[in-house]
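First chain A sits with chain B, and in the next complex the same chain sits with chain C.
This part shows the complex of A and B:
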């Protein structure tokens, strides 16, 4: 009986398990293996080289630039989009007219595919004829070359990412806000707490589970979302806006070096796992879950 | 002292609270009593400043507070759901208002210690509300309301989430606490037993209006309206049509005695200490006229049994059948 139950359980698990193993676990293991091998050409047999690929990586200046870019990209986009998301959620959760329309408006960037968004922003960012430069010219300022200037390119990408992500995160905050009892706010008012204290002592701590969830997703997205690079900068100029995942793509499919690409992928996997783990360990004790 | 004068609240085209007038003396325990939806909670919220009245004024200690923010009114409040901050410890919950009002640290500690002693929460200070029982949460809410040493404490059905036994205990406890601290309290409830047993004064509301204000014994002995007569007392007062008047007699005042009004038993409901007997006292041909009476001990009446009932004239109340208000001669004293 028990054995039959077990069999049934395994059969029910099988479809999901097949997909997970075939497309996640097995490729991950293969990537680890591949990062420790090398071959002269596509037809030559690969041979085990130990950590040689990683030595290569340490000496690769582009790798370090990409890591640095990705770091600043995360630092620049994650806290800003979270703060904006909370602000917008508080606003559209309040007593205002046309709440539904506003919520939709904020959510629109999320509905659009990244490629579409990038194309729209390409128009905004175009030198001289783009929206931003035209607006700046109207007030007498010569607009910069948003995507062509190495000092501006990464920042321009960050602005677009914040625009895209804040609305998405707002939805989570909005859902969380609606579970908070209005009596809590009545109590805070009677106790003489102003809006500032109420936010920092009540709303923000009670939103912490959402913030952790959003934070993990935002950080992962900072590494995972690179679709816009294909449209906007292709990582340029001179790798100024190149990010790790895009570099992996370039290495594998433009430079056709799948062994080095595997090595870069391992670095990314480990980094992402560590980020998620650190957040869980650090925040779990500090967050109040209901 | 709190004075509420001509206060109304309109939602859409419905007058939820209509021309509310009453006062709370210092140290007085006033119950706002009424069925659900009668506007008592809305009234309390207007006194707290959580709702804005459409008309009227609210005055606390001679100061007009009608449109003041809730935090500036110097009052404490206990909510029906307790409204404890779930992520803060018991201690932080109690101190929340003092911190918001920037009370000195040593003063905070002093008040915390005394309040915690009063409600008996000593060993739970570091716990979160989620780790406490319903009764303990109730105490935290109470402590948070009285720690501010406010002039007036508002309570919105504070016992409705507790089981019957705990409710009885807390009832006594809250009343004792109120008298010990000399607090003024406005206590919203739909439970007549709570109002009768705790309050110095009852404000009985129905459909947004005040039906009667008085001492608990006034409401019981001299109900001003048919509504008041039937809301207070269990089972409610019997209302018997008599010509252009309505007669009211409480079940506990009806005796079964020979030589009274003839009646026919319909059913008996045994409650332990007494039995509630339902009887039809209509004379032949009349429409049915039912009364309930309280018979001490276990009554052994069978259905259809003929009985004779009687009540003393001083226990009889008279109401006008058109206005449904009392037309008793008021005792002159």
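This part shows the complex of A and C:
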């Protein structure tokens, strides 16, 4: 009986596990293997080279630039998106007119394809005729070259990322806010606590599990969201806005060096593993993985 | 003090809302007005549908849209099937190695197929599936997120209900199909909407694995269409953008409550 049950469960899992192993676990292992090999071309037989690809990596200035960019990209987008998401959720959950419209406005970027809307943002950012430069000129400021200036390009990408993410994260806060008990707020009112104090003493601490959940997702997105690079900057100027996943794509499909691309992917996998580890350490597992 | 704070807060809320829909508003503005009004805004600007006509003529939107619909449907149908079976096994069956199986599944939540484009491209080319619908779909046909979501839902089905169904003579797949699937309807709806909007918008993997109009989805088509090298103007790009996002946007506007609730539902599991 027990044997039969075992077999049935594994049969049910078979399609899912076959697909997941074939396109997640197996390629992960192959990535590690490929990062230790090299060949003159894609058709030539590859040979084991040990850590040589990693030596290349350490000496590659673009790699370090990309890592730095990705770090700042995460620092620039994660806290801002989270703060905006909390703000949006509080507004939409509170007493404000046109609540439904506002919620719709905040959420819309979530369902719009990043790559297509990037075309619109490209217009916003274009020098002189672009919307941002036109608006700035109206108040007498000479707008910067948003995407062409190496000091501005990464920041311009971040702005679009925040725009894309904040409304999505708002949803999780909105769900969490609706579970908070109104009695707490009545009590706070009786005690004479202002909105600021109420937020920091009651709302924010109670939203902590959601914040951790959103934080993990925002961190993953900081590595994953590179679609807009293809339209806005292509990682330029001179790699000033290049990010790890885009660099992997470039290396594999423009420079056609799948061995070095695999080495870069290993770095990405290590970063994701660190995020997973952080999640296991800090998450209240009882709440989310029941 | 407090009223000032509230006023400021409300003002920021509306301002943010306007900024958030600005790209969409602009797309509508530019798409429905002649190109000379793409960069200047005037209330007297004449309306036109010309931009849609030229966008439609300049890119095979019809084919792109068909491709996107086929790919999205293929992925969704497979996901619903595969995730139901796996979710049921992980929720209701007691078997040796369950923890291990769950861990294998959850790995994909962290290591998304996007990250593994290099190796997955090699696999797909070994399978001869470059530039096919199946090729675009394959890495996504099983979804860890879907399995996890359904597992959480199936776990809440009372044991008595399952026992009663077994007394009625249901077992195996018919038990899943007749008892568990109908009970999990909100989860299926939530997961479907999330999956559709994800794959309608997915770009990097389809870019890697498609070469021609035969399998290229809208996102990849739009990236080529909107590239500065192709020399189209803002108005036509905006019109193209609206064509590309139109179906999903319309679906979203009609079912916005369900959409938002679905994302919420998917989020708190």
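Going forward, the second predicted complex is superposed on the first by the 279 of 290 C-alpha atoms of A that agree within 3 Å, B and C clash if a C-alpha of one lies under 4 Å from a C-alpha of the other, contacts with A are read in each partner's own complex, and residues count from 1 in each chain.
Note that contacts are C-beta pairs under 8 Å (C-beta built on N, C-alpha and C of every residue); 3 or more make two chains touch, one makes a residue touch a chain.
Since the structure is predicted, the reported quantities are computational estimates derived from the model, not experimental observations.
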Which of chain B and chain C A:123 touches, first, second, both or neither: second
Which superposed partner A:189 touches (first chain B, second chain C, both, neither): first
First (chain B), second (chain C), both or neither touched by A:13: second
Chain A residues touched - chain C or chain B, whichever exceeds: C
Touched partner set for A:234, first chain B, second chain C, both or neither: neither
Partner chain(s) touched by A:197 [first = chain B, second = chain C, both, neither]: first
Overlap of chain C and chain B interfaces on chain A (superposed complexes): 194, 290
Contact footprint of chain B on chain A as seen in their complex: 181, 183-184, 186-194, 197, 201-202, 205-206, 288, 290
Interface residues, chain C side, partner chain A - complex: 2, 5-6, 9-10, 12-14, 16-24, 26-27, 30, 38-39, 81-83, 85-86, 88-90, 93-98, 101, 104-105, 107-108, 110-123, 138-139, 141-142, 144, 147, 152, 155, 172, 197, 200-201, 203-204, 207-208, 218-220, 222-223, 226-227, 234, 237-238, 241, 244-245, 248-249, 252, 256, 259-260, 263-264, 267-268
Chain A - residues contacting chain C, complex: 5-6, 8-10, 12-13, 15-17, 19-28, 30-31, 34, 84, 87-88, 91, 96, 101-124, 129-131, 134, 163, 166-168, 171-172, 174-176, 194-196, 213, 220, 223-224, 226-227, 230-231, 245, 248-249, 252-253, 258, 261-262, 265, 268-269, 272-273, 275-276, 290
Chain B to chain A touching residues, read off their complex: 45, 48-50, 69-72, 75-77, 79-81, 83-88, 96-97, 100-101, 128, 130, 144, 148
